[in-house]
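Below are two complexes that have chain A in common, paired first with chain B and then with chain C.
Moving on to the complex of A and B:
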């Protein structure tokens, strides 16, 4: 069984829950930007929670099925059509051999997840099927999909039923405007003045067009003012430079003090820009669903608040598992 | 050196060993990250040494952030007593300096450079007080370099020159980063050289290109079959300037699967190195060439 790619969409890639353990040599985690939506899509079609699916950004692909299958689309509101007939998102449905799955224009969010019962069966590389395009690693031939690709599908378990759906309160999608991203100040926070730090958290930022799997750039807030210093040897002369160091996932670097960049699943693992803090793990999925121009506020939290948010996100995932068990 | 610790969100601890780059800070980072690996701490998922800092990623559902911080502080103070000696490898990297491919690229992005009327090598020679490109190439390739960090992208080594600080070559990054850099370009920014493992964006000055692949996700290259990335932090690199004929021959050898890199095991003592840098580097050169 295979799925033929008739049209690839903008940047559709194979992703699972990622490839931990190789960040120290520059190979990032990769995997779904919105992990909760990936798990939901898989559970809907009876897959293991971490099976490989397609992640489509802003625009869906057009796919032809060479055998009967069960599929589900979650994440962004990217309305599916089967041979032109509308289908629901967050709901599993049957596809007959020869039918074509396509998508309407994006209504909300940024990334849709297309799960097929049996999972996308590309080779496992370093423990994962996720695509890391910058390193031409994993996924389908290490790259985004192209027209003419044929994706192998694994054999489906018995639980791939159609007509199952995920209740709205279990979807974990961003709610409200502006979107709030909780962040812990730290790392090189001491490099900016107190006023700049206050401004960072009180300003409303907007997602810039340069927003991808490596990182999300934000603009529209006030430039950050630095505490004066003598540049340390090896750091470089710009006040935003540091001696090249590791970058945490979710870390917020601000090159030149102007436009913050939050690193995401395909993060560059290190570099020479200072960071003001880190978006907490519980809010990383939300970033994956932000479109350019979306207003965003960074909300200052401490470790206890971050751990409480983590617990509540993990409880949501637990409820999703129970609902689709 | 007092290490500064900070949480990077709820899943990382970031430790800055030194604000400035130094071999001492790098050695301490390498030592502590090795100790963290050996300690097999429950919940630790990634251990990343960097030039003068390191980072540990963890799962706070398995270990409390404060407990891990306490453990890292304990390992940090224990490292003060350890002898700065490592068992590592010395690797020869052939380089065609002033090659046509980086030259084409640097001309294409000239308006983003500090010196639009020269080349990156001419600029780097001048600002380092050297009277010619040849003198710069000699300064770049005569002493070995430490791989002080691997990252940015898959398998890319940051390299730190093993000479006294006053002799270290330095060059700023481009004014605005390029959108293109040839694969296997030998670059330089600040006090670090690097080898671009993949084609892509970059801001470092471009000096040359190596015919020797350092990253192969398909693992077809003979010496990358065990693992797709050549470099590990702590490796020592010695550049070997080659001409175009030798470059073409090496590329043909790589394509035919018969290229054999020169890699030797070596023990490195920071204390002995600091006693007489040139004599110690000559000894390392001897190890590389079986003398």
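Moving on to the complex of A and C:
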């Protein structure tokens, strides 16, 4: 069985839980920007939690099914339509051979996850089916989908049930305005003045339209003021430059001190921009659901708070598994 | 004659011209065909054309050049 791509959407890619283990040699994690939503979509259709699905950003694709299937769409409020008839998000439903799945305008969030029972059966590359488009690696031919593509669907004996759904409190989506992203001050915190550090956490930032899978850029806060220094060897004269270092997933670099960029699933692994801190693991999925112009505040936390938040996020995932067992 | 709205397909920044030094694609009152481009939406470092989607006459634009827009937001009205 296969799914034919009639219209690809803006940048629809095959993703699973990612490709950890190679970041130190420059190959990023990749995988879903909202991994909780990916797991939910898979469990709804009876797949393994980490099966490959489609990640559609801002705009849904148009897909034709060559055989009967069970599907579920989670994540953003990207309303599905089957042969033009509305269907619910966060709920599994049957698709008959020849039917066409399309989507209405995005209502909320940024990325929808389309799971098909059996999973998207593209080759496993370095342990993952995720697409890393910048490196032309994994996914469907290492790129975003195009009209005319035919996606193989695994058999895997998956017999998805329709009509299963995920309760609102188990969806893990961003709540409240502005969205709060918890962050720990980082190794280069000493590079900015105390006033600049306070401003970073008290200003309201807005998601820039450039934000993508590589990094989420934010605008609108005050430029950061740096502590004067003699540039160390290899750092260059710009005060936001450092001697090249590793970039953690979630790290917040601020080139020129003006627009913070949170590195995400397809990030570069190192470079010469200072990092003001790191968004905690528990809040990285939330970033994947932020549209351009969404107001955001960074909230300062310490290691204990970060670990507690991670535990609570992982308990939410546990509840999701139990609910859909 | 009915009035129909043209919606932004994407969230992002709306541009009424192909580049900063070019004139607007269309102005209030202009006649359009279905495949005419009426603007661009910038998001994720790409510029995506917005088509009229129907033949008619543009009554008026509802979004300004360089406005931040949401997916599904009406950006122009046309008489079809």
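FYI, the second predicted complex is superposed on the first by the 321 of 325 C-alpha atoms of A that agree within 3 Å, B and C clash if a C-alpha of one lies under 4 Å from a C-alpha of the other, contacts with A are read in each partner's own complex, and residues count from 1 in each chain.
The definition used in the following text is that a contact is a pair of C-beta atoms (placed from the backbone, for glycine too) under 8 Å apart; a residue touches a chain by one contact, two chains touch by 3 or more.
All values reported here derive from a predicted model rather than from experimental measurement.
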Combined model on chain A: chain C and chain B, fit or clash: fit
Which of chain B and chain C A:168 touches, first, second, both or neither: neither
Touching partner for A:292 - first (chain B), second (chain C), both, neither: second
Which superposed partner A:24 touches (first chain B, second chain C, both, neither): first
Touching partner for A:58 - first (chain B), second (chain C), both, neither: second
Chain B versus chain C, judged by how many residues of chain A each one touches: B
Smallest separation of CA atoms, chain C relative to chain B, angstrom: 11
Overlap of chain C and chain B interfaces on chain A (superposed complexes): none
For the chain A and chain B complex, residues of the former touching the latter: 20-21, 23-27, 125, 132, 134-138, 142, 183-184, 186-187, 189, 232-237, 241-246, 248-251, 268-272, 275, 277-282, 303, 306-307, 310, 314
Residue ranges of chain A touching chain C (in the complex, touch as defined): 10-11, 57-59, 104-107, 110, 209-212, 291-293
Touching residues on chain B, where the partner in the complex is chain A: 6-12, 14, 16, 18-22, 33, 45-55, 57, 60-61, 65, 149-156, 158, 165, 172-173, 189-192, 197-198, 200, 215, 217, 228-229, 231-233
Residue ranges of chain C in contact with chain A within the complex: 7, 9-13, 42-46, 48, 68, 70-72
